[in-house]
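Each of the next two complexes has chain A plus one more chain, namely chain B in the first and chain C in the second.
Presenting the complex of A and B:
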């Protein structure tokens, strides 16, 4: 009964989405107040209906109702409760429902928090959200109904892929989707602005919080995914330039560019048409990512859908959204005139450089991700683009970007003075020299990449702090004065500094862990001791253990520091019964200074076990840096200026009207 | 400098920068495109030693020999076969008779030195490239699973 109610709720939501997608749009064009006023109600109604449907599916999972096909195929009574709930989105249909849920929540949030939006703009934005909802709701109802019944109901379900039974991965999809889908709001604003033919600083102010929120969530989602790959897959790496990772990274790059270009629209009333294009592209890349990951064109743990009609549906939907919005852009875009003038050496100039580098990096990732698929489709040739390509392209593109992050905020709007900015960055230049000195002093730190990375960290880290110090007149004014200035500094300024420091931490983590990591692969017998970096691992043997839904061979290491035991590590090879599958469980001890990481492979008592042991200095800084970037974003989001008073559209001036 | 000249310099700088970026991307792209070959492809084409590529097929029965971390095995598409050597921990589901994809290059006596081995990760799965290679060599039957799923990887 309850699954049927969920199904009906979804059908009603589709009907409501159709109403929301059409009537307010017509109403805004014809100035029909009643139809315009419909939009927020419809958005709220949709949110309630979809949330109800999602609740129904969750209920089916929690109660292990195997008469629902989706539950029978993806759940199991023995599964811990956390994974019963996360199992709701650990499959194609459920993850699609989660996507829709987040979409309608964002729609409802625009309806609720967008009180100070002009009614017609709000109606148009919500209409576009409604149309996206129509696409996804038809997709779920016509090709992937999560509430389909299975009769007779089996006694036991088939279980969830053990790799997905992990707390990191339980929360990775919701965050990723909050990011992907959050960009739909920026997209809707962009399309609405194209229909209205008007983009101005007020528009940028309305768009920015949504973009910022989406960006923060996407950052966290990507960090969680990378962290999961690091500890769950047992390969010791944290980023593989896998097409699935790239699928989430491309919208992130485009979204980061959007975040920065929206600032230029807001402050200087220029770069409008590019910002609108970026908003369209960012969401298109989110859709492309969903298509790549979910359609099964890429093999991975994420490829749930193997039914070709689903892939075709997403592809058509993608073509309609991207094609439609870009056509609209080509038609209306030229009407978006810039009023501000533009000097290359200025804050806005630096932000354009940021956009340029991010856009090229994003295009390079896109090329490397899509080319093998295109070639396969054209002549059946099987190629792959290795990590070497991405590293070779990405590092030269991001190094100048990271270097420019320190300079940009030092430049004034309109007309910046590069010499003065560089003079203020003197402490950062000294930090670069110190970093180079440390690199040259340390053994194997003399590689070009290590020196480059350390210099960038010194430059950006100290540069960002310099900027903060200048703003609060640290050392130039009495300390109390500086402190009160620091308190008075807008949250957005704090957010920027914190996010930029997060980038510095991230680069630090990458550089140090890649340069100084020690990896040992060898065969060990119980009692053997091997040195890995500054510590020793003593192998104590392997014994069988039994978990709730698996059995395992668990190895045991004692980590020694200066000959004294400091901790035990227990990596394992797990064998799950349902579905039958083996997984490698790495044993990891994380600390700020370094991670210890141990994997035990095959072997027996006579010949010994194959083991892989690591010492990874500062590797946790990578995720820490990403989280701090997201924290900076949230800090900026909490800025009162984004919510109160400011977003009031100025009367159309003669210049803007032309 | 007049305003026009400044703008010209800015535009030239931008175009130059973009040109460098594009050149960088395309060079890196050409150098790092990794092709996939089946053992039959390898027999037909002369692949130079030191060219990195991916090899896929089935692990031949009774061919796996382990000596410490070094594993020697034979990859076959049931028409041709290639000797492979891998040093390191093999993926969880590396088994004789099942599909693998190995990443690496040939050494001077025609042995494939794998730096990375991918194996199927559950009972049903066959890497799609391997399935295609078997279809091409005429050795495919539909009883072999083709449920797209997950790859298990082990690299060094």
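Presenting the complex of A and C:
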């Protein structure tokens, strides 16, 4: 009964989405107040209905109702409660429902928090959201019904893929979707602006918090996914340039560009059509990611079980949404005239450089992701594009980007003075020299990448701190004065500094762990001791253990430092019963300084076990850096400028019209 | 309407057409033109420290055989190695090793340390024979019937699951002389 109620709620939500997608749009065009006022109510109603449906599916999972096909295929009574719940979105149908839930929650949030939006703009934005909802609700109802019944019900479910039974992955999709779907709001704002033919600083200010929130969530989502790959896949890597990883990374790159270009629109009233295009592209890339993951066109470890009808549906949807919005852009975009003048050496000039580099990096990732598909389509050749390509293309693009992050904030709006900015960055230049010295001392200049990375870290880290010090007049004014200035600094300024420092930490983590990590791969017998970097691993043997829904061979290592035992590490090979599958559980001890990472493979007492042991200095800084970037985003989001009083729109447009 | 504003749309249409064509293809299917065909003509010397080399004639003995493409530098090969040892203990069929682009000393050390599941080995130093076998990457495992026809090709490391659902049933069917219904 309850699954049927959920199904009915979804059907009602589709009907309501149709109403929300059509009437307010028409109402805004014809100034019909009643139809305009419909939008917020419809958005709230949809949120309630979809949340109810999601609750119904969750209930079916929690109670292990195997008469629901989706539950029978993906759950199991022996599964811990956390994974019963995360199992809801651990499959195609359920994750699609989660996607829709987040979409309607964002819609409801626009309805509730968008009080200071002009009624027609709000109606149009919500209408576009409604139309996106129509697409996804039809997708789920017509091709991927999560409430389909299975009669007679089996006694036991088929279980969730053991790789997915992991706390990191349980929360990875919700964050990722909060990011993907959050960009739909920026998209809706962009399309609404194109329909209205008006983009101004007020618009940029309205669209910015939504973009920022989505960006923060996506950053966390990607970091969680990378962390999961690091400790669950047991290969010791944290980024594989897998097509599905790229699918989440491309919207992130475009979204990062959007965040920065929206600032230019807000402050300088220029770069408008580019910003609108970015908003469209960011969400389009999110949709493209959905298509790649769910249609089966690319081969990836993450791809969902696929079905051609789904692929066709998403492709048509993609064509309507992206093709439609880009057609609208081609038609209305030229009308978005810039009013500000533009000097290349200025804050906005630096942000354009940022946008250029990010956009090219994004295009490079897109090219690498789609290239195998294109080649297959053209002449049937099977190729895969690996890390070599991505590293070769991506690093030369991001290195100048990171270098420019330190300079940009030092330049003034309108007309910046590069010499003065560089003079203020003198401490950062000194930091680069120090970093180079340390790099050369530690590894005798063998790796150019290591030197480049360390220099960038010194430059950006100290540069960002310099910028903060200048703002609060540190050392130039009495300390108390500086502190009160620091308190008075807008949260957005703090957010920027924190996020940029996060980038520095991230680059630091990548550089140091890639350059100085030690990997030992060998066969060990109980009692053997191996030196890995500054520590020794003593292998104490392997013993069988039993978990709630798996059995495992657990290896035991004692880590020795200067001959003294400091900690035990217990990696395992798990064998799950339902579905039958083996997973590698790496044993990881993380600390700020370095991670210890051990994996035990196959073997027996006679010949020993194949083991892989690592010492990975500063690797945790990669995720720490990403989280700090997200924290910077949230800080900026809490700026009062974004919460209170939007600027008077009419006055600005009047001025612009002159 | 200015022309430059049409560029994003044009690019999208191009990508869209590519995706539409992509939908009709199957990326997981690796073309294995060799299945159902006789094994290529080749003859290789044994790897260092072994006496029996591998050649086309060795695969036409009337008995089904397994050919495993491996290398000491290949990590997944290390993963699958214990399973080859287990398969050898099953005594279903002889397993031969096609040692792909490897250093003679390394592979000798590898077989000495981890155990040698192979009846015959062929040292394909420059990878020339690997090309004839259509090797995409190591490890790969082929099943050859008694007449020298390739029956099955497995790409990537063998897992216990593959042994149970694929390799062992096919070998058992071949031995019993009945057509195998197991999908390779």
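Before moving on, here are some points about what is shown:
Here, the second predicted complex is superposed on the first by the 639 of 658 C-alpha atoms of A that agree within 3 Å, B and C clash if a C-alpha of one lies under 4 Å from a C-alpha of the other, contacts with A are read in each partner's own complex, and residues count from 1 in each chain.
By definition in this document, a contact is a pair of C-beta atoms (placed from the backbone, for glycine too) under 8 Å apart; a residue touches a chain by one contact, two chains touch by 3 or more.
Worth saying up front: this structure is predicted, and the values here are computed from it rather than measured.
For the composite obtained by overlaying on chain A, chain B and chain C cannot both be accommodated without a clash.
Looking at the shared chain after the overlay, A:329 reaches chain C, while chain B stays out of its contact range. In the superposition on chain A, A:582 contacts both chain B and chain C. In the superposition on chain A, A:364 contacts chain B only, with no contact to chain C.
Once chain A of one complex is fitted onto chain A of the other, the partner contacts of A:284 are limited to chain C, with no touch recorded for chain B. By the touch criterion defined above, A:197 lies against neither chain B nor chain C after alignment on the C-alpha atoms of chain A. Contacts of A:437 after superposition on the shared chain: neither chain B nor chain C is touched.
In the superposed model, A:602 lies in contact with both chain B and chain C.
Judged by the touch definition given at the top, the superposed model places A:488 against neither chain B nor chain C. Once the two complexes are laid over each other on the shared chain, residue contacts for A:521 go to chain B and to chain C alike. Touching of chain A by both chain B and chain C, each in its own complex, is seen for residues 296, 299, 380, 382, 521, 523, 580-582, 601-602, 607, 610. Taken together, the chain A residues at the contact with chain C in this complex read 273, 277, 280-281, 284, 288, 291, 295-299, 308, 311-312, 315, 318-319, 322-323, 326-327, 329-331, 333-334, 370, 372-374, 376-377, 380, 382, 521, 523, 580-582, 601-604, 607, 610. Those residues of chain A that touch chain B in the shared complex are 161, 163, 233, 235, 237, 296, 299-301, 303, 306, 343-344, 349, 356, 360, 363-364, 367-368, 371, 380-386, 388-389, 392-393, 396-397, 521-523, 573, 579-584, 599, 601-602, 607, 610-612.
Looking at the complex, you find that chain C touches chain A at residues 1-2, 5-6, 8-9, 12-13, 15-16, 18-23, 25-28, 30-31, 75, 78-79, 81-83, 113-115, 159-161. Looking at the complex, you find that chain B touches chain A at residues 6-7, 10, 13-14, 17-18, 21-22, 24-25, 28-29, 31-36, 52, 54, 68-69, 87-90, 92-93, 103, 121-123, 127-129, 132, 147-151, 153-156.
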